[in-house]
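Heads up, the next two complexes both have chain A, just with different partners, chain B and then chain C.
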Partner chain A sequence: MSLVPQLLFTGFGIGAIYALVALGFVLLIRAASVVNFAQGEFSMLGAYAMVVLSGLLGVPYWVALPVAVLVMAGFGVLFAGATYWPLRHRGQLPVIISTIGASIFLANTVLALYGPSPEVLPGLFDTPGFEVGGVFMDSQYVAIMVTAAAMLLLQFLIFEKTLLGKKLQATSQDKEMASLLGIPVALMVLITFAYSAALGGLAGILVAPVLFVSVGMGTIISLKAFAANIIGGFGNIPGAILGGLALGIVETFGAAYVSVPYKDALAFGLLLLFLLIRPQGLFGEKIAEKA
Partner chain B sequence: MPLLELGGLVARYGAAEVLKDLSLVVEEGEIVALLGSNGAGKSTTLRAISGLVPNVAGRLDFAGRSLIGMKPEAIVRLGVAHVPEGRRVFPGLTVRENILLGGSNRRGAGRRVLERETDEMLAFFPDLKRLEHALGWTLSGGQLQMVAVARGMMAKPRLLLLDEPSLGLAPLVVQQVFRIIAEIRQRGTTVLLVEQNAHMALSVADRGYVLETGSLLVSGKPAELWSNPDVRAAYLGGKTVAAAVG
Partner chain C sequence: MSTTTMAAATGIPQARAWRGLPALAAAIVGVLALSTLVPEQGYTLNIFMQAATYSIAVAGLVVVLGYCGQISLAQAAFFGLGAYGVALGTVDFGLPFFVALLAGVVSATVFGVALGLASLRLGGHYLAMVTISFQQILTLVLTNWAGLTHGPDGVKNIARPSVPGLRLESGDHYLGLCLVTLMGITWYIWRLKTTRLGRAMQAVRDNEIAASTCGIDIFATKVLAFGISAVLGGLGGGLFAGAFAYISPDQFGFGESIVLLTMALLGGVQSPFGALLGTGLLVILPEWLRFLRQVYLAVYGAAVILIMVFLPDGLWGLTHRLRRPAPVAAGAVAPLPLLSQRGTETAEIAMAINGLAKHFGGLKALDGVDMAVRRGTVHALIGPNGSGKTTFINVVTGLYRPTAGRIAIAGQDVTGTAPHQRTRRGLARTFQNIRVFRGMTVLENVMVGAERPGNDIAEQPALVVERALAALDFVGLRGDAHRMVGTLSYGTQRYVEIARALAGSPQVLLLDEPAAGLNLSEKHELGLLLRRLKGHGLTILIVDHDMNLVEQVADHITVLNFGRRIADGGPRDVLSHPDVIAAYLGEPRQDAAA
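Our next item is the complex of A and B:
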């Protein structure tokens, strides 16, 4: 029994989810200096959007999926309008508190509508999976990994090859200078919110068949994305992706070799280890106060 | 009609009145220098013109149109490019990308046009061609200044606002920067230049204004300013005189 490759496979799969959410989280930090504590709620809402579309309204899965992601992009703009826009000139802390408030509001709204019992979403494929060289490839994990890789590639192409991507980067690096060049900064920030919410929503939909759809799924995903960010180096994009994968692998191996109930504790243990030994994270620079 | 006209301009940051009743004009085709010691309001004047100071009152006309209440994005679309203090080159973008984005104000210009003009800009500025793919944060002060000016020129501005282009540069690089400023005017762009280095600024400027704590002290042609005892007094003990003399 090839346990190690099997665990690596599963770890990468769950890590890819954390990486996607962490990516959306980092983009908001960079573009709008927003540390979004409702990032996990984007995933929770994305999954519930699928429950409504595909479960309640009977929309075919492959139609419902892009629609749910688009709905989440629109929700990202609404979210920006409610939590970020009115407070954008007041510094970071009020916006952070506002996202915490939004997180509580969103979780409780869904709780009131759907109740505490988890919903079930089917996977992307009917087949449970296939075996390659002694490793069972769960079809949902394969879908997660392929989608995550495709999203990373898409994002790379947008950011590095298009003028829009350059403008988004310029906005995230120096908003005032971007506005002096005629870049519509407000629009760039809204696009980032929309993209971040769509990414979070997609992650929620992908992970739903593994975790079940519940109100609480947002909180745990938020925490993992936050941890992935710290491990990778705060605000660093490749760092967030690697941090997410590392968390997925550590908790999967921890569940197999130590104890299943302690898998989250082990994941956050990794976070604590980084905070103690390398607080700047994998790719972060030592934080120096600006003169 | 002057290209730029400020009349009784007042600018505030919170309760602090940084500009009090400032009036000046810039005619098309001129290089005008804005001089004064630290805190005189020179940078604030440029920031007010380009829309970065929200609390501005008085007259602020560009090409006969009031800029009061307009956003920076809209002002640069009218043809006012601002190269701010500190250069503000995007650290995570390459030299080429920085310059390319300078054309963001021109809605009609497509990617292909902007890429071609970026090539022209890279050829026009010394040293930039070989740094084309270097990231902003790796550049020296002089290189950053060249990128910042090239990026400003990509906007095809009628009026270029330059804030302290010589700050922190080696003397030879300062001369290079001022040669480029003179050449920019040759090409038909009007320049409003803020400088601590009065000597260099007045060597290229047609006229100069000297500010003192937010209002106008004196204005005139370079020779008149140099012979004005008030100007000399305003600069005595300042590092500009020390630099110019020493």
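Our next item is the complex of A and C:
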């Protein structure tokens, strides 16, 4: 049994989840300057949507999955309408506080409906996995990695090759200018919210068989997304992805070699380390505001 | 005129440091008398204990969030550190209560300052993230490090202090101690808002860049505000442990931090009285609404959003509408002492810039610019769009670090210093896109300018008010002194900015496109104001497009194009210089010249 490659595999798998959530988080920062403290709640809700659809209503897994992701996209628009829209002209602070409120509201509403005991979601495949060169490839982790890679590729194609993608990019770079060019900025921002929520929901569904579905998963995932962002460079897209992967690996090795109960503390330690030594992150530029 | 009569004549209460103390003393006596009516133990006492100790922690949020605009999501963690300090100190280490309380407060402070130092150099959301993480970690540690913290079972049998004659062991007397502490803190926080430090915090909240160009050390101010909130969190928690004799980790979780935040927001995060109101309501309401027990955190979450949208100043903010508007400041003030009248400076060159360069990657936004601003002159910097004017200002004021070159103010090198340090040397500026402190009145805005470190009267509150009024007088805004600055027109806000700069008695006043966004008559008035300033001998560096304005006031003009100085000299020579004409009107065509 070779421990190091096994841990690398697991770390990459969990890191891919963090990367997906962090990606949704960064897109909102760039498109709407919203630092969304309820990002992890998107994952929690996505997983619960899946529990309702496939567990409660008996919808087949492969139908329930896209439906749940679509539901999350719709929820993203609703979320924007409640937390961002009424406050969008009042600066960053009120929006941040209202997303914190939303996070608490969502977690505790689900808690009241479903109770504190975790739910179980099945994985994408029935087979538990296979072994390659002494490393056990858990099928769910493989699914996570493949889906994450596919999503990144899809996003790259949309952003770089389509008009919609260009409009989204223009909106994130300079809203005023984009609006002068006739781009419907409000619509672009709403699309970003929908996409960000769908991405988070998908990550939640993928990670559910590994972590269980629980009300507390949102906060934990939010924290990982922040940490991934700071490690990668705040508001930086490749940074968020690499930051997420790095975090997954550090955490998995930490749990194996250091301590299991303090596993979540490692993310925080890494975050603090970066804030102290390299606050602009791996890829970030020096933070400067134009006068 | 003496300073006290001055303050009275102008109707400004800020100068009286001990304002409200008689009311505080009366309130303490009254509350102590009432607290003897509370039973020695039981339900009612517990409600009061909880409200009093929570209120102290919520007052901390008023400072960090309300005054300074930084989000802390770990107030329950600091509360917990204070509580565990008292619990473990008295139960396990046998310390006297007040020593243990001190230890708890110190540990909260140390963690608070350390987290602040790590995260506050960057934007406000970094503190939110770091505190949320810290909150989670502390819960993990309190639950898992059973050897120190007794683990999830918590700590029992925490003793109350014993002071001869005060009978603090008894519940009603201990409540008295908590209430007196709370009232003292409420008074302090209320006064803090009108002090130099309080104004600095609000300036940082409203506009960090403008605050730093008023000489405020943004980082230190934020760390201090967060430190104060951690102290108050720890103090509230320490008293809480004594009040209930039993504590456990689940009382100091993330959910409780949100409860504290909701209390502050509901009551009104701008005022310690709002904190009292919000805390009182949210301690009592859940007792009345017991049927909501299962969902009360969900309700709090929804309440946070609704408050942000519909009640941004909280319930206490509603009382603002009932208050009498402050009287218009009347009475005479001494004229604004501009530099010419003080006559203390002798250096010939007010600001010297040598070989200044700023490269962004391959782009040379500034490429070896020299400039000497002579004392008592109006020096204009002009150039077409993209010539490097804005970069020049950002480098000179310290927002950007230069790639090469030197900057000296009044003979002292400031090249590597932070913006606020340059302000201390006497550099003042206004902004092209107006940057005023929107949450403050016109007078408070200008007072922040007068409190520039290094200004002669910065340390004397009464004279700060007088100087601010004089500056407002100079620009003709005395009558608007008590209006919120956001209610003024754009053009008028520009005068507030100029008054703010003048109140700091600058060595050099830097005006960044002052005519931008002004209409024709406003531009005319601005020209008159600048000529008055020039008449007083103030050294001004003005950067503008408006040739008309520049011709009216400039003694000396420097022209930039593509990051290089292309002309420098008196207005007549410079404006007829062929390179300058070419830069503004375009190069003559090659064939036309031939």
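Just so it is clear, the second predicted complex is superposed on the first by the 290 of 291 C-alpha atoms of A that agree within 3 Å, B and C clash if a C-alpha of one lies under 4 Å from a C-alpha of the other, contacts with A are read in each partner's own complex, and residues count from 1 in each chain.
One rule holds for everything that comes next: contacts are C-beta pairs under 8 Å (C-beta built on N, C-alpha and C of every residue); 3 or more make two chains touch, one makes a residue touch a chain.
All values reported here derive from a predicted model rather than from experimental measurement.
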Requested in this report: Could you tell me whether chain B and chain C fit or clash when both sit on chain A in the superposition?
Outcome: clash
Query raised in the report: What is the contact status of A:F125 with respect to chain B (first) and chain C (second): first, second, both, or neither?
Result: neither
Query raised in the report: Taking the superposition as given, does A:F212 touch the first partner, chain B, the second, chain C, both, or neither?
Result: neither
Query raised in the report: Which partner does A:F136 contact after superposing on A: first (chain B), second (chain C), both, neither?
Result: neither
Requested in this report: Would you sort A:F159 into first (chain B), second (chain C), both or neither based on which partner it touches?
Outcome: neither
Query raised in the report: Is A:L180 touching the first partner chain B, the second partner chain C, both, or neither of them?
Result: first
**Report entry** First (chain B), second (chain C), both or neither touched by A:F105
**Finding:** second
**Report entry** Residues of chain A touched, compared between chain B and chain C (which is higher)
**Finding:** C
Query raised in the report: Can A:F37 be said to touch chain B (first), chain C (second), both, or neither?
Result: second
Report task. State whether A:Y114 touches chain B only (first), chain C only (second), both chains, or neither. Result -> neither
Query raised in the report: Which holds for A:Y61: it touches chain B only (first), chain C only (second), both, or neither?
Result: neither
Query raised in the report: Among 3-11, 39-47, 111-119 or 543-551, which stretch of chain C shows C-alpha clashes with chain B in the combined arrangement?
Result: 543-551
Report summary line: The intersection of the chain A residues contacting chain B with those contacting chain C is none
Query raised in the report: What part of chain C is in contact with chain A in the complex they form?
Result: 69, 71, 73, 118-119, 121-126, 128-130, 132-134, 136-137, 140, 144, 208-209, 254-255, 258, 261, 265, 294-295, 297-298, 300-305, 308-309, 312, 390, 393-394, 397, 399-400, 431-433, 435, 512
**Report entry** Residue ranges of chain B in contact with chain A within the complex
**Finding:** 50, 52, 71-73, 76-77, 81-82, 84, 88, 90-93, 97, 100-102, 104-106, 111, 114, 151, 155
Query - In the complex, chain A residues that touch chain C - result: 35, 37, 82-83, 86-87, 90, 92-94, 96-98, 100-109, 111-112, 219-220, 222-223, 226-227, 230, 234, 261-262, 264-265, 267-268, 271-272, 275-276, 279, 287-291
Query raised in the report: Which residues, counting only chain A, touch chain B once they are in their complex?
Result: 163, 166-167, 169-170, 173-174, 176-185
